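One chain, subunit A, links the two complexes that follow: it is found with subunit B in the first and with subunit C in the second.
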Partner chain A sequence: MSYVTRVWQDHKAAITPWLFLLPGILMFAIYIVIPIFQSIAISFYRWDGLGEKTFIGWENYRELMRDDIFFTALQNNVIWLVLYLLALPAGLLLALFLNQTTRGIRIYKSLFFFPFVISQVVVGLVFSWFYDPSFGLFNTALMKIGLSPIAVLADERYVTYGVIIAGLWPQIAYCMILYLTGLNAVDGEQIEAARLDNVRGWRMLWYVILPQLRPATFIALVVTVIGALRSFDLISIMTGGGPWGSSQVLAYYMYEQAFSEYGFRMGYGAAIAVVLFAIMLIYIGFFLAKMYRDEKGR
Partner chain B sequence: MAGITLNKAIKRYGAVDVIHGIDLEIEDGEFCVLVGPSGCGKSTLLRMVAGLEETSGGEIHIGERNVTRLDPAARGVSMVFQTYALYPHMTVAENMSFGLRMNGHPKAEIAAKVKAAADILKLNDYLERKPKALSGGQRQRVAIGRAIVRGPEVFLFDEPLSNLDAELRVEMRVEIARLHKEIGATMVYVTHDQVEAMTLADKIVVLRSGRIEQVGTPLDLYHDPDNRFVAGFIGSPAMNFVKARVRDGRVHAPGLSDEAFAVDIALPPNGTDLLVGVRPHHIAIDPQGASHTLIVKEALGAMFHAYLEAPTGERIVVEVPEAEAVGLQGDVGLRMVPDRLLLFDARTELRLR
Partner chain C sequence: MSIKSGIRKIRSSMVALTTSALIALPALAGTAMAGELVINTDSSFPAVKKAFQAAVTGFEQENPDIEVTWNVFDNEAYKSAIRNFLSAESPDLATWFAGNRMLPYVNAGLFAPIDDVWAENGLDKTLKAAESAVTFNGTKWAVPYTYYQWGVYYRKDLFAKFGIEVPTTWEEFKAAGAKLQENGITPVAIGTRFPWTAAGWFDYLNLRTNGYDFHMAVTRGEIPWTDDRIRKTMGHWAELLKAGFFLENHAAYSWQEALPALVNGDAGMYLMGNFIVAPLQEAGLTDDQLGFFQFPVIDPTIAMAEDAPANTLHLAAGARNVAEAKKFLAYIARADVQTMMNEIMGQLPVNAQSSVADDPYLQAGFKMLSNVDGGLAQFFDRDAPAEMAKAGMEGFQEFMVKPERLDKILARLEMVRKRQTQ
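== the complex of A and B ==
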């Protein structure tokens, strides 16, 4: 027996899982882990993507501190985050509403789920038309009730909210599906026990049903936070960050600095990406800590 | 003071009647057991009393009140569910006090009631635990505690012991009996286990397919069943049934014996088909005879169950004391006391008396 065969024979059980994990680990390393470190490294250079890299230390970060658009983007990301969280209660309400057995309920469920299935690009286009000052439904409706039209996407005051509402549409659908699945697992006898205790309506929801939906809430929270922080497609389709950078978010600003026609500032873009990564890291840390606690608690 | 009265209570799902007009009187403080095979409508009937199922027809009274259309919470009942239905995110104390807290009782009163219930059920050491960290028996205790704390007039139990292992089941059965003595409230208890019914009940209600077959004390039902169903359902091991026919004013049951025997009740006309029922300990084996074949002996300790096959192919179980059973084998005879036999009309399955 050769040495290799003998090692294999003796440690089969220990080696096999790693063999199965290998393709995934390789992919994850090549496309996720290594690029993260590369980005962090690049953020300390000035680089146009083709020519010489020049090490400039913290200069990119110092420039960020002076960059108004960066702070607008940061602020908008916070607004996105806060408003995106509305997807949770809205999804829950929809799920509660759709969690019944009437004829054709599946059709209604599918219809409500539909926005999540279609591409963000399509969602962006649909909402661009919806807001269009000349033929959009939104302004047609405003005029019907006697208000003057608002060019939502051209107005600095409203543009971010307009895009967020477009983003909420599929996000609510996603949360709704998560909650619908969660509601399936709710114990009917607990609800009946509570009914005997004269608990109903909001108190039933709060004290009996929501605690049972905690796993669904947790997943919905995580995907919503991540979804808000990496918002990109809708900005790109609907506003391109405008007007005058007022609807910028970090992900899109990074792309604009690093890859768009304004110049290929790889280092500066990387610095923005690192800031975004740091923010996400807070949530990922929270996520992992919670997973770890749950695993241990079992 | 709250007995329960059902008056032609009906439950209908769509066009299907599940409970067919039940009349039932449960006295104040009585322990009433609803028993019957799976799917006969026990849970449905109990849940109608609780108000968790709408009553499609008839009336339900608790005490003096007509509760037929009342909300579950307004009926003054507590229910213990088969799966316990404890709130997993609350501690034992929080589970027990939940109803009181939700209905704005003062803190001191709640604490006192939880303590009292915990004392009765020996739960004091577990009050701060979550249900997850309790055994099945302890969880069931908590569920009962939650019912007690509310101080209801009526307790409803839906197969509360069927998720427990055999040993715990006996223990909890005794516990529930003690509880009933201590609290003295009216209790309605659903089970498919006739042993539980026999041991716990003041009054047993035997249900089949949404109808009452018989109501009575455990021993009434055991000794004096109204029909073949009740006779076969109550008692363990179950009663033996063999076919018989009226011949010359006597009963001829070839599964028991070649000879027809006389009984002291009025028999229907010659040629009527009957069923003879006999409990396994009301017949004996005659080692000298050779009318039946011994198939299997089951040793239960002091008693054996002997499974016999009659020449007609019918199976008969006989309870035999250990001393007599040891040597038994091959072909044996049967000895019986005609007084101990119960006769049923083969067609209607009603008892002949």
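== the complex of A and C ==
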């Protein structure tokens, strides 16, 4: 028996899983892990993507610290994160409302889920028209009740909130569908038992239903936080980061600096990407720790 | 379609593919000897595409031994595609823009100099109008084949109705606006959601206040943004802002979305490039309603200068068919070819010996540009380096909404300028 076959025979059980993992590991390394390190490396250079790279050390990061728009973007990311979490209770509310057996309920469910199915680009366009100061529904309504119109997307005070509301529309639908599937798995016997003990209303929801929805809540939280941090499409469609950078978020600012018509500052874009990555890392760390604890607890 | 017939279809198309490859192989070898030419253009707009189609066809007729491969890119996608194809699989010729916009490619060695094409064909005489915009370090880097004027497009009928004369001076301009306002009309329509439109106003106010040389020095980054002369320009702008000259909520609209204001008669004027005419005519404005005038004089001691962006054709450094490419460059510089192309595009030929299409706006623009003593600028985002252009345009947009932040905006622009000139 040759050496190779002997090793194979002896360690078959140990080697096999790695063989199966290999394609995945390779892909993950090439498309995710290595680019992360490349981005970190590029963030120390000045580079227009065409000519020579110049090493400038921490200069890109020093510039970030002096960059007003960067801090606007950072602040907006926090606002996005906080307000996006509203999708959870709103989605739960809708799910509870739709979780009944009436004629045609499936149609209502699919209609409520619809905003998640259509492209974010379409959502952005629809809301751009909705906010349009001259013919948009929003301002027509404001004027009907005697208020003066507000150009939401052109006003630095409201623009971020305007875009977040557009983003919440599909996000709520997504959370709703997660909770609807969660509600399917709720144990009827426990509800019966609680009923016998005369539990109803809020107490039923809080002490009986919600604990059983924990897996759904967890997934909804994860997708919502990630959705908030990577918000990009809506900003690109509705405002382009404007007016004058007041609706920027990190993901879009990174794209703009690195790849847009007036950008091609690869180093600076990479530096923004690294900061965004660091923020996500905190969250991912928390997420992994929780997973680990849950697995261990079982 | 059943699965079986689907498979049969795929198989037959594969056969077709292999046979066509077999036929194509010797054909390719044949053309390689005769001469090839690969041109990449950003001409996805129908009129521009048609103009290029006509130019390529004409060239092939004159040079039957050269086979032209012409690739049309989407206008927006081209801006990032050009970076890839110039450094990876290079065409022989590529369209781009004059001014600072071409410098990254010149500096990276992706465009090749074409001084010989200019010298052999006497282009320094025929293409003089855009010569400075394609010259860098004393070397010519492109052949400009089209340009267009900027200026004020206005509602002739409304001006006539309220007895307003076409303004030629700053005072007259402000008076005309005031008269429009008295009659419930916003003087100027503009949409700054994509803020480059605001840069048109900066260009003109600065060209008229401080002149061509100073304006070009500003865009090259040689003048601090906090300079008093720039403050003077911004002061003129502030006069208009204070008087409420511009369309309300302009930051919410793109330039197209601001057009209805002019079409409906809610606004009287629009500072824009000549490409504004086509959509306005489509929206129903006739030549009796729409007029054009040169941006008024602010300081009579300063020579008139205009924005007139030129589009250009460049020789790629990685070109494989240099002789054929130079032949095409000489061809597209010719008076008759530029006449033909620009008639189709509805723009102005750069060649001085070309004739201009019979169109009131083009004729007016041609007359205006022929009498320019100050010089022709390329537009702010082509004259200034990319980063400065972006910061500038956003700053102008902010200034138009919040004029009281002038100091902060200029300080920010100055920071960008300093970093750029480091």
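Here, the second predicted complex is superposed on the first by the 282 of 298 C-alpha atoms of A that agree within 3 Å, B and C clash if a C-alpha of one lies under 4 Å from a C-alpha of the other, contacts with A are read in each partner's own complex, and residues count from 1 in each chain.
The rule is simple: a residue touches a chain if its C-beta (ideal position, glycine included) is under 8 Å from a C-beta of that chain, and two chains touch if they have at least 3 such contacts.
Keep in mind the model is a prediction, meaning the values are calculated, not measured.
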Checklist outcome for this item: So, after the overlay on subunit A, do subunit B and subunit C clash or fit? They fit
Checklist outcome for this item: Check: subunit B-subunit A-subunit C angle from CA centres, nearest 10 degrees, reads 150
Checklist entry - In the superposed arrangement, which partner chain does A:50 touch: subunit B (first), subunit C (second), both, or neither? => result second
Next on the checklist: With both complexes overlaid on chain A, does A:193 touch subunit B (first), subunit C (second), both or neither?
Outcome noted: first
Checklist entry - Per the overlay, which chain contacts more subunit A residues, subunit B or subunit C? => result C
Next on the checklist: Just to be sure I read the superposition right, which of the two partners does A:203 touch: subunit B = first, subunit C = second, or both, or neither?
Outcome noted: first
Next on the checklist: One more residue to check, A:68. First (subunit B), second (subunit C), both or neither?
Outcome noted: second
Next on the checklist: With both complexes superposed on chain A, which partner does A:129 reach: first (subunit B), second (subunit C), both or neither?
Outcome noted: neither
Next on the checklist: Once chain A of both complexes is superposed, is A:245 in touch with subunit B (first), subunit C (second), both, or neither?
Outcome noted: second
Checklist entry - Between subunit B and subunit C, what is the tightest CA to CA spacing in Å in the combined model? => result 47
Checklist outcome for this item: Given the complex, residues on subunit C that touch subunit A span 79-80, 83, 87, 104-105, 107-108, 110, 192-195, 248-252, 381, 386-387, 389-390, 394-395, 397-398, 401, 412, 415, 419
Next on the checklist: List the residues on subunit B that touch subunit A in their complex, please.
Outcome noted: 50, 52, 71-74, 77-79, 81-83, 85-89, 98-99, 102-103, 146, 150
Checklist entry - Tell me, which parts of subunit A touch subunit B in their complex? => result 187, 189-190, 192-199, 203, 207-208, 211-212, 214
Next on the checklist: Residue numbers of subunit A touching subunit C in their complex, please.
Outcome noted: 48-51, 63, 66, 68, 131-134, 149, 151, 153-154, 239-240, 242-245, 259, 261-265
